[in-house]
Structures are given as C-alpha cells and as structure tokens.
Amino acid sequence: MCGVFGIKPHPEAANLAYLGLYALQHRGQESAGIACLGPDRIRVVRRMGLVADAFSEESLQQISGSAAIGHVRYSTSGGSMLENAQPILITCHHGQITLAHNGNLVNAQRIRQELESKGSIFASNSDSEVILHLIARSQKTKIEDAIVEALQQVEGAFSCVFLTKDKLIGVRDPHGFRPLLMGSLGEAKLFASESCAFDLIDAQIQREVDPGEMVIVNKLGMSRSVHPFPKKVARQCIFEHIYFGRPDGTMFGESTHEFRERLGEKLALESAVHADLVIPVPDSGVCAALGYARASGIPFAFGLIRNHYVGRTFIEPKQSIRHFGVKIKLNPVRELIYGKRVVLIDDSLVRGTTSRKIVKMVRAAGAAEVHLRISAPPTTHPCYYGIDTPTRRELIASSHSVEEIRKYIEADSLAYITQEGMMSCLKKSKPEDYCHACFSGDYAIPFPGSTEV
Amino acid sequence: MCGVFGIKPHPEAANLAYLGLYALQHRGQESAGIACLGPDRIRVVRRMGLVADAFSEESLQQISGSAAIGHVRYSTSGGSMLENAQPILITCHHGQITLAHNGNLVNAQRIRQELESKGSIFASNSDSEVILHLIARSQKTKIEDAIVEALQQVEGAFSCVFLTKDKLIGVRDPHGFRPLLMGSLGEAKLFASESCAFDLIDAQIQREVDPGEMVIVNKLGMSRSVHPFPKKVARQCIFEHIYFGRPDGTMFGESTHEFRERLGEKLALESAVHADLVIPVPDSGVCAALGYARASGIPFAFGLIRNHYVGRTFIEPKQSIRHFGVKIKLNPVRELIYGKRVVLIDDSLVRGTTSRKIVKMVRAAGAAEVHLRISAPPTTHPCYYGIDTPTRRELIASSHSVEEIRKYIEADSLAYITQEGMMSCLKKSKPEDYCHACFSGDYAIPFPGSTEV
Amino acid sequence: MCGVFGIKPHPEAANLAYLGLYALQHRGQESAGIACLGPDRIRVVRRMGLVADAFSEESLQQISGSAAIGHVRYSTSGGSMLENAQPILITCHHGQITLAHNGNLVNAQRIRQELESKGSIFASNSDSEVILHLIARSQKTKIEDAIVEALQQVEGAFSCVFLTKDKLIGVRDPHGFRPLLMGSLGEAKLFASESCAFDLIDAQIQREVDPGEMVIVNKLGMSRSVHPFPKKVARQCIFEHIYFGRPDGTMFGESTHEFRERLGEKLALESAVHADLVIPVPDSGVCAALGYARASGIPFAFGLIRNHYVGRTFIEPKQSIRHFGVKIKLNPVRELIYGKRVVLIDDSLVRGTTSRKIVKMVRAAGAAEVHLRISAPPTTHPCYYGIDTPTRRELIASSHSVEEIRKYIEADSLAYITQEGMMSCLKKSKPEDYCHACFSGDYAIPFPGSTEV
Amino acid sequence: MCGVFGIKPHPEAANLAYLGLYALQHRGQESAGIACLGPDRIRVVRRMGLVADAFSEESLQQISGSAAIGHVRYSTSGGSMLENAQPILITCHHGQITLAHNGNLVNAQRIRQELESKGSIFASNSDSEVILHLIARSQKTKIEDAIVEALQQVEGAFSCVFLTKDKLIGVRDPHGFRPLLMGSLGEAKLFASESCAFDLIDAQIQREVDPGEMVIVNKLGMSRSVHPFPKKVARQCIFEHIYFGRPDGTMFGESTHEFRERLGEKLALESAVHADLVIPVPDSGVCAALGYARASGIPFAFGLIRNHYVGRTFIEPKQSIRHFGVKIKLNPVRELIYGKRVVLIDDSLVRGTTSRKIVKMVRAAGAAEVHLRISAPPTTHPCYYGIDTPTRRELIASSHSVEEIRKYIEADSLAYITQEGMMSCLKKSKPEDYCHACFSGDYAIPFPGSTEV
C-alpha cells in the first residue's frame, strides 16, 4: 500500500506536500519522498522511515519550488531499500520526469526483461520504474502522449501522479483499484490518495479521478481531463474501506466511519453471543465495536490500552516474556475484564498469530469467555493490485475452516462477517464496482503464472 | 513529570529497564536514560528524545549488567538539556552512586547556593543533583545512612531509586506526592512509577512503597524496609489519577480507568445538557466520555480522529492554515458531527488555547452546538511538586470565571466537575490522603517566596 | 585525475582494494569507491571524501568477496556529486557490470544525446556512464566482446578496470594517455594506476598494460591479452611525471623521482641566478629543488614548512589575514630566510594566484630577493584527456608573457624550463611517445568544438 | 603533550582560537576544544579528533564572543575520553571559570582523594580538574587570588590559560617546564604554546611568559604581571626543541630549525660513517639530516616518501603484509636506495619497534648498508611533566645497551648524539635552564612513589 500527493502551482508546494504525506502516513511507513520543481530543475528528497523523520526544514528548503509530488510507501513490489523509495526522478530525452505510484503492476517483470534485452539499465527493482522506461522510449512529442503510450502497455493497478517541468498529471487505471482524489487550494490543483490530506491543509475536495481518467494540470493550475484507455468495469478495493482508509474520510463515495460501524452492526446480527462487554482491538476494531455494541445492546468498554509510543525498531529482550510481541502494543485493563464474558472485535485476521496472542492475553487478564468477531470475511486470496498481503500459504483462511481457526486462536467462539453482509453495508456505492478478490478469488486481471504465489 | 524504574539482580537488567521505561514513556518524552551495574562499574546512557530512539541494541549491550535503574523525563526543574537528563551518575568517596528522581524539591536552590559557597561544583542545573552533592558530603559510612542524611535536608516531592555497587534503593518522601511501586520477577526486586512497567515484563506487583519508606535491596535481591523520616500526612497527587496515570493501571489503590469513568458519570449528573452525541477529545477524554455517555444516555461517538504519527519536531507551513496546531493531531469526522448537538469531553483545560481551537474545529465541521465538559475542577494554582504546570499567570482559571472562559473558547456551554464531585469518585482510597493544591491552593509544603510564581 | 585498482581472485579483495586506493589517494580526493564480488552478487560502497573517511571496517565487511575494483576521483567531467563517484555498478541483460575509469572521453556528450533519444535513462552526468550504456545495448554474447564494441565507439582517454560475475578486465585506450599497471599477489592478478598501490600490499609489479591492450582475468586468476583496437601512436601524459605521479614510483619506464631531479638540474643550467638559498615549495617542488641545488651549488634549505593537518573544509576568518589561503598550508622559517637571496622552486604555475601569495609571504619574511623557477614549461592549453586543468582563459600563460607573469607575481625573476629541456630529461622512454598538449597545444584527438573552451 | 591558546578582547575570538589551535595541531590530535565568552555566558565546544573535524562554522557561530581560550590534547593523564577534553568549564561561587592546561601535575591524585573525602564530585579523571576544584573551594574574593591559592597547592608542570567573565589569565609554573608565549593583535592580548599560532593570524609575538609568572588581561586588553610563586630554578623541556616544536618557530629563545640542524652537524662529527646517502625519516628527521649531510659531505636524498593522507583510524588487512604499520606511512624510493650505503636520520628511538621496521624496509629496497643516527640521546626515563612517554619498562634504552639496540633493529651501525653534544647546540639559552630528565633521570620534582612507573 502507498499514498500519493500532488500540487501545482503553489509557492509552498514542498511544505504542503510534506503536510499531505503526514496525513497519509497510515498508507505507508517504510519510506517517504517529495519531488519539487524549483526555478531550474526538479529535485527529490527520499528517505527510509516516517515522514516526520524523513524531512528536515533544511531539506524542504533545498527543494522548494512551485509544484510538488510526494509518496509514502509500504513495500508491495521490490524489496525494502532506498532505491525503491518514490518519487522516482529520471532525466530522458523528454527532460525531467518524476513519478509517485500507488498500486501494483502485474506484467512489470515481463516488460522489464524485454527492455533490458534492448539495452535499458534499471536503477531499482520497483515495478514503477518500468513505466518511466516506457516513457523514455516513447517517441511521442508531448509528454502526456508519451505517458499514455507507456501506461497502455502496463496491466494492473495504478493511481499515479507525474510531475514534469511544465505539467502535473494525475491518472487512475481503467479498473480504478486504488483511490485518487482531486482538490483545489486557491489557484492550485491537488491530487491525493485520501481526503485527510486535503483536510489538514484546508484544501477543498473536488471529486475522485475516475477509473481510466487522466487529469493534466498546466502552469496556471488549469486542468483538462482525458480518458485515453479502453473502458473497463470498475473494481475499487473494498479492503480500503475495511482496513486502510482513515475513518475520518470519504472514499468511493462512502463514509469510511459509517461503513465500519454498519459492519459492526451487521456482524452483531449475523453472529450474536451472550456476553458482558464489547471490547475493540485498538485502533482498528473501534468503529465496528461501537456498531456491534449498539446493535447487540452489550456495553462497550476500552479493555485493551494501546501504547502510543510503539516504534518500529524495538529491542526485544532475550528472556521469554509471555505474549511479548502483542504486549508491547496492547495492555489489558484487568479491573474491567476480570470475570467478564468478552466479545473482542477486530477488522482482520490474516495469519492468526496476533489474534491468538490477544485472545490469550485477554484470558490471562481474567476473562471468563473470549468471543472473537471479525468485521471482514475470511481472507483467502492474496492481492496482486497493491496491498501487501502474505502469500496464499500464509493466509490461514485459505486452508483452514473457521472452526479450525477458532481452535488455533483458542477463542470460545469465532465469527467473520459474511461477504453478502459486508456488501450490504455499502449505501452510496454499488457492490459490482468493487474488487473483493482477497475474499472471493475473483481477480479482474490474472497475475502471470499465479495459480499459487 | 517523570518516570523511574529499578531492578536487581537480573542478568538482563538493562534490557528490562529499557522495557520498563518503554511502558512509562507517557510520563516523560524529553529524555531517557539507563544506568546499569556491569562487572567492573556502573555505566550510563542518556539521550534526548523517546525511549525507542534513545537506545540501540549496541548501547544496551555496552552497559549490560546485573542491576539497573532508568528514568524518563519531562522537564520540571532545570532546562531542557542533556546535562539535566537522568539517571545522574557520580563518583565520590562513597564510590559510584546513580539516581533517578521523580518529583520536585522546593528548597533545592537554597541548598545549592550553600554548597557552592563551600566549593561544590555542579554539573547540571537539575534540583536532583543537590541530593547527590549532599550524599557526597556525608561522612556516614554506610551508603543508606548517607542517603538518609541527604534526604533529611531536602523538602518537597521525591520518589527516587538509587543504584550503587552493592545496593538498589527505592525511597518515597514522607508526603508521598509521587507514586512508587515495588515488584518482583523471579529472584529480582523491582521499583517502578506505575504498574504498566511490571505488566510488560511479566513482573508481579507487590505493593506501593509507603510515604516516608526506604526499601533497600541487596545483592541477592533480598529487601529490608526502614522509615527514616518523621511521619507526615499523606499527600498523594490526585492529578496522577485524572491525567498522568495510564488507564490500565492501579495507583494509590484506585483503578485509574474506573476512577475516570466515574468522573464522567458524576460530571453528567452535575452538568447535564440536551445533546445528540458525546465525543471525547482523544485519547485523554475517552474514559470520562464513556462514563458521561452511560450516565446521560446520550450516544457515544468517535467524532475526532487522532493522527498516531504525530512527531515532536513538526515542520510548520509558512502560510496560515486554520486550527493548524490542533489539526495536525486531530481531524473531525464531518459525516458524524454535521448538524449535531455535541458534548465534548476532555480531562483538563489549562491555558484554554487548545480547547478554543478544538471547539472551533468541531463547529467548522458542522456541529449545531458545542458543549465542553471537563472531568477535572478548574486548575487555579501551579504545582511545586513535580508536575509541569504553567505559571499561575498562564492558568486561565486562576483569573477568569467559568463564564469568561466559556466566552473565550466560544463554546455554547462549559462546565467542570466540582472538587467535591471529584473527591466522591475515590472508592478505595481516602480523600484526606490526597494533594489537590492545583485545584485548591492548599499546599502541604510552601514554596519559598511564591505568593505568585 | 583519478586512480583505479583491481584484484582477482583474493579472499581479502575488498580490504586490498581499500589499501590500494589508500596508496593512490594523491590521484583523487573528491570521492572513493569499492565494488566487490560477494558470494551472490557485486556490491558497491561509494562516498564523497578521502579513502580513510569513506570506508569503515563494517562497510568493507558488508561487501567482502573474492574480486574487487576501486576508484578515487578528482572531478574531471561531471560535477562534484555522489552520483558521479565510481565504481559505477549497473545490472543489464549481461548481468552485473561495474566500472572504474581514469581518463576523459571527448565524444561522450554526443553519444549520450543519441542514446537518450533512443530511450536510455542516465543516472549520472559522468562521461563514464556512456561506456556502460553502450555495453548494455550491445547484443554480443560474451561480456569482453560487448566491452570492446562499446569502447570502439568512444574517443579519448580511458584506462579502465571492469568487474563482472566472472571476469576482471583491464584496458587502456590506443594512445595510452593514462597509466595502467599489472601486478600479481600469489595467484591473484592486479591492476593499478601506479606502482605505490602494489608496494603497499606487497604485490609484484608485472608490467604496464600496453596502449590499446585489454587484459582479461578469469576466475582462477589466469589472464589473457587482446589488442582489439586499431593501432595508434602512443601519447602518454608527460604531466604525470611532472606533477601527479608519486616520486617513489616508476611510470612509462621512467623513475619519477629521478626525472624530477633532472628537471631541477636542467632548470639550474638553463636559468642560473646568483642566490644564497634554494627553497622548495613543499612538497611538490622538493625533488626539483634538490636537483637545482646540486647543479647550481647553492645550498638547499627547508624555508617553507607545510602544515600536515590541512583539511579540506577549512573555516575562514571574517577579518582579513594577509596571505591567509597560503598561510594555512605553509609558514616561512623567518630565521632562515631573513636577508637572503632565495630561489623558490615549484613544479607548476597555473593561474598564478598561489605563486603570487607565496612570493609575497617569502618577501614578508625578510628575503632580500625572490627568484621563482618552475620545473615545467608554461601551461598554455587545457587538457581534454583527464587532467582537471582550468579553461584556457584561466591559464595565465595562455595570454601573458613570462615577463608579464613575473610582474604579476612580483618576483625578482621568473623562469620556466623549456620544452626541449624537459624532454631531454627523459632517459628510458622516447619523447615522441608523450602527449604534451598542455604545453604545446598539439592535441592527438580534437575535442569537438573547442577552438576555445 | 597539549597546546593552549587564549585571546581577549576580539570580536572574532572564537574563530581566531580555531585558527590558533589549527596551527598548534601537532601538539595534540586526540581532542580539541574552544571556550568563548558570549554576551551572557561562556560556552564550550569540545570534540574528540582533529581541529578541522571538531568544529563547524555553525558550532563556532554558536559560541561566538569577545574572548576565548582553546586546547588541543594528546592524553598524558586520564584516559582518552571526551570528559577529559579541555577547556574544562565549571560554574562555582566565583561564577564561570574555564581552563586550558598544558603539562602534568605530580600530586593531583593525592589532592583529589582529599577533596573527594570532603565531598567534592569530579566529572573527569583529568589532573587538570583538581585545579578547578581548588579554585571553587577558595574563599578569596578576587578570582586571580583564588587561582593563585589553588596553584600554590599543586606541584608539577602547568602552562595554563584561564578565562572568566572578566579576565583572561595566562600562568606558567615556577620551573617553566612547558612553553607559553604572549602576543598582541591590535588591542587584543594573546597567549599560545608556540609562535606558529601567532604567525597564522598575523599576531605579534611579545615575549615568553616567565617561569612562575601570571599575566592578567582585563576587559580592555590591558595586562598586568605578577610573580606569586616562590622562585625556583628554570627547567624548560629540551624535548620540545628536539621533537615537539614546529621547526618554523622560536622557543625558549632558540630557533628550533637551527637547533635541529646543529644537532645533525654535531651528530655527524660525533658518529661519522662511510656512506653514499643521508636519508631522513620524514618529517621528523629532515632538519637534522640536512645538518648531517652538510657536515659530513655525504649527499642528502629523499629516499623515504611519506603518505600525506594517513588517517588515524586505519583499517588493517587480515593477511600479513611485511612492515605494514610503517609502509602505510612511508614508502622507499627503490631507484635511489638500491645498492647504496645509507645513513638514516631520525629524532628519536623510543621503543625501537618502528626503527626496526624502517631499517628492514630500507634494506628490502636494496640498501647495501643501513646506519641509523638519532639526533637525541637515549631516552632512558619517563616524563612526569606532560610528555606522553611510555613507562620505563617500555623504553628500550632504559634496559639495553646501544649495541643491544643495534642488534634488535638490525642496523649495520647505530649512534645517538651525546648529552653534552646536544647541550652544546644551544646557542641563545643556557643548558642549566633545561629539564633533560628523560635522558638523564635528573627530575626537578619527584613523582610520588615512582621508583618505577
């Protein structure tokens, strides 16, 4: 998963890109980068780590200019290395081009081999670099035509922003797997993966870029829209609603917060249980837990406290501490839990290892019964379109029944929301416009040679 | 405010101190330090910043040994400099002594001047260093006697852990302003400011160190207790319950989480209002908001979303962004709030500037009415015993009526819990054992020359 | 100017490359890099700055393997940036190839434009990267054939070492502008720019790589030689003897130290003067000054002391200090110089600014007369083959007579060695095998569009 | 050995101290520090490493002010740690005092124990800190009286500069072991260990501070001199002339360069040998080698070339390389040496290990005979007054005859200058005013309990 941002023209473009990435931080914590068009050329700063650590006032000052794009990355393709951080900046016969890409291409490997056999030299092993090489090889005169020619050759998910000397371009693949919003701030036009990036900097949300649409912003901030790709069915990612999107936003027309509360309500109806307390796994399960509590009438309580200072480079003790990996993030409120029948609400159960630790920890704090409810269907298939799911082998639901999983995590009961139940919670968008391959295996674009990944 | 930790004997003493400080991080984010007794001598690592950033595996390895103390600091006395970070380590004619101190001394300045006039050289301007100079000047033979002689000369709040070549010592001032707990882990004895430090490392809570008690742990982990100070009335800090303590813990005999929920319930009874939603200011107002919602029957909702990646060194934009300082931390859920009458719950209102920004932001998100309820009485007096409150002049409640404050923050209504209401929420401890000087001005120990600070 | 090194196969290849570069440090202080073939792949470490600062034990450990090449750089083409540091490592359809290049190509810019128009993306603006792109585009099967095909398209100076998964290749352009030596150490074969790199690691000097020769070393350290380029006249750089080469070495068959002493002797015969002391400008003028003193009978003295700790990032004072730029490096020995007629010996006079400061400083120390003698002819033309001379406009001798220069530097007399005199000092190599374009303007390969640069 | 510098008043005091230390770098490469009096208080920057690395433009800017002292250190007492770097800055009842000390105290350990037993806390284990504790304990009103009271209690070598809010004070112990010069620059007064510090910044040398003299500089730059100590015989360090002092300076009235040339001449007369070349070990043996060549008539040659880029943190290869430790610094000029009878000249032979390696290296380069001549007498006794000599056990001359040493270093002959010969080279100062304990064992002040150290 990644987050992208773009703005043009604005005298504080680099600073606003920084703020936009700050708001999009939940979409990628591995690396962060900003490319900005200065008076003479485009400069880029990219670092491993969080936005707040990646940039200094000095580094933003050095790249300051009138248009910028930014990127936060959680690795989906290519390893975890600075070379794979984005935006990627190249110089070619079209001049300087820089790209920030959210999504994953399914035919990148094949194209790369072809290009290398013709003499291309790749600087990273990110699939996104393939797009830039295709642009560099295009003989089209106008940069937007070269970009279109390149994107017509790739397959998969791409919500991209490009910045060149003259233009800022936002484009979304014909299926529209990943979100991309347009906004405005004074005379500037903006792109961002989610609305929170606009909220923070007081920009106005204009609309979503349509699946298959390309929007070109010129020097004055005026935009024009083209639809250069063959029309395809929309396949927007349902997992963005369940898991990735910030709850304070609206995506694909739906309020994320409300959708998640409805998931909890639906789950309470589908899988009721006699219990004393509804406890969310913070923070991911909070919205659904409020819905579950409301629909079931069981009191809601914060029975698990999250440590807000959890860093990514934690030093583990040598001696064994029970449930350590989970304890460093969560601590149970013993006074609340002791002797109670507890319904735990979470938004996903991928490998099962974390859920198993949480159930044990809640039981060790004195819970009489522990019932786990998941506000998503079982994750049975990997995502090829940009979400970093494990391989199918590691997805516990791909090879185990719900009862087998319940035994493994040692819960008194376990239930997932049904796929129909989940889809029924969509109120303002249509179920057929969504990709739910991770739950259903119904892939819009096949991944080459992937009967098993 | 600060957090302290101590352990002896344990082969992973430095690593466990690291974990203990990690759990106590909320008590101080300015600096962190660990002193550990290695085979030859005590070594100390101190750094500005968070625990996760302050220590590396390598630095913990370099100081590894069999006994350790640790400290997290939020500056209360002395400026924000590495020299003032703790533990402080000195070598004197008693050998090596290292100290981690939570609390604030009221006569440190006077003693320091006396010592300097006799030729003492101070390395920091922390009040804690005064204790070590008094120990260095003591002619007592046994280190615990020298420590007692030193502590008998200082006045104010101190919950301290000392580590020497042979002993680990925990001690709490006669009023017991700040908390200090004892625990055990196998054969090791431990001290910590709060129980979450024990929870994380699977240590057992034994009991609180009593006000005026000193506990001495020897090489084998055996402890003995002495009461070397004249008996005084207990004055435990009520603000620890309201604000500082982690909600998953028990302090001074009370469950912090339950106390805060009762504050919310009491507040609902004292200051009812017709409204559509109860919304906490996350995370500080969450417990009280749940209590308020339960007692009032008004639905609870997460209408403000907190950005979990907020760093301390944020780069501000030059251009004006409305409510920027608050927005970087909080974002309203417009879909929830729009058109609603909202009760906002927070646990404190100190200067009023932040509350003012939050009220404006909620109103800008479309709230029909905004009623602010504070689960503490008005903060009218500064703390001299270790909590970093602003000077009296900056405390808005010291010079303004509730109505004046309401006008300033532009809320439709404003109410604080009463002092009696607050005290009535204590269920397992006695009101007369508490210090509430910040609300009442009733100081147990006068601060020299402080009719106004 | 640059220095290159290569070794294969040797279990300490990276460490020996480090030592080799250490010995070649005088050939480039801007950046340093080592590429080493590990068990799986080639890794590279490149840093701005000196060899001793650029590598740590840890970084050498991380790239350790069985074959390595290294490079020290003083920028000649492309700016001073890390991207331009070498070795350059690429992955292409031939696999991994890494290159260290000494010299300068005269047609790199034209080839680059052609390649970019066909879709190549360049990562640096170093002329050396052109060679790698040409290799990547070659459809030859064997890597040495692809390298030959690439090098046949470039013109100018190149003494290169290449390292691939299987081979270490050393190659020198047909004119042989820059030096390249072969050596051996046990079963390993080595390449280096100068013999001091072999001396330091106890390697044996075998011979020079011939102009136009390519030597290919296989996995076992066995080498074979090919001559793939059309035969051309040798044009070895005379300036290497005068200025760049370390005095303890032999290059192009000549002992550098002896050649420089002979230059001093010849200069004494050509431009005698009545004086009391011969003083070298340290360290560059020392050899010639010894020769001058011997031939003239005038006593030699160290009248200028060099500060050995001069760093590259010196902080200059705001206030004016006379001759500051020179003083930080050199200080006169007043007791020696006072009242004396001094012959100063240096090996070059390029812009004249430094000589002017030194003459003034010596005079300020009390010299009765200051006569400057230069052990090279006037530098009238820029070098296009790898030495970083200023543009012609900045070469004072390109537009001023010796008398005009003498007036500018305020010496009592000034003389250069004649070009014939210089050539007569060659004892073991032939004058016609040398390039002396910087003194004569006689360029072997024209630089495109350079009637004036 | 250390170097000290002081200046007051001057608007660029910190920058000039930086330059002064730069010139004094040869007196200490372990750490460097500057303390400067800013508008409000004295600030200090201290770092491990060389002057050019220790300070940045930013760090000098941060401490800028009107008076400064500086220090470069090569550890003589106390270990190699940042805590022991100087200037040391303390705050005591006299206000801020900062000290830069060259020399070594012989009774520091005893005084420290006394002070600790009375309650003093030491921050370093440098002997210099004792002086500051004695000042802090002095009840004298005027700071210069407190300094005198402190210095009257210590024994040993001290050439010190002190800086306080109001005064800059330079003082030299009654024996005058270490040098200290006074100078002026406009209205500013300066102190420095050697004249090269004044040369670099265009300051005028005024005179040496006398043994036992204290010079006090006030805010206006006016100085007054006092002689507060009992008169003692002068014992200036002869080793400064032989080894430490820069050759471009004058110390204790002697020209260092001329003294060293005379040592070489005398050595040639005392220990003649039939040989073909006189070769100095660079750079230390150069002056004496010129004198030796002149007096003996044997030609002088630079047969050993020094690598000017030798860093302090060199990474050693695992495999054995012959004479590696020496080779990284020196390389023989084979063409010069081959087949010749060589006289090597060096200025000291302490442990013998380096000389042994050099002799072997010269022989391996083909020398027919190698004769080593040392321009100092045998070093038989350790220095207690500030030069970092090894313990007596490690001084090869303390327990071996010249013939035994010759065999160990494998030279064809070995000779030292005689003590009488050395003393006869003093032309402008009196032999009886010198300390030569390292050669003679004649200590002016006994070191407590040091029959053997």
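A, B, C and D are the chain letters, set down in written order, and residue numbers restart from 1 in every chain.
Just so we're on the same page, contacts are C-beta pairs under 8 Å (C-beta built on N, C-alpha and C of every residue); 3 or more make two chains touch, one makes a residue touch a chain.
Quick caveat: nothing in here was measured; it's all calculated off a predicted structure.
The interface formed by C-D recurs in A-B: of the pairs listed in B-D, A-C or A-B, only this one shares over half of its residue-numbered contact pairs with it. The chain with its Cα centre farthest from the Cα centre of chain C is B. We define each chain's centre as the mean of its Cα atoms; on that basis chain A and chain B are separated by 36 Å.
If each chain is reduced to the centroid of its CA atoms, chain A and chain D end up 64 Å from each other. Measuring from the averaged C-alpha position of chain B to that of chain D gives a distance of 52 Å. For chain B, residues touching at least two other chains: there are none. Considering their complex, residues 12, 15-16, 18-19, 22-23, 25-26, 29, 50-53, 55-57, 60, 196, 199-202, 246-248, 250, 255, 257-258, 283, 286-287, 290, 294, 299-302, 305, 307-311, 313-315, 317-319, 321-322, 327-328, 331-336 of chain B touch chain A.
Within the complex formed with chain B, the residues of chain D that make contact are 90-93, 116-123, 132-133, 136-138.
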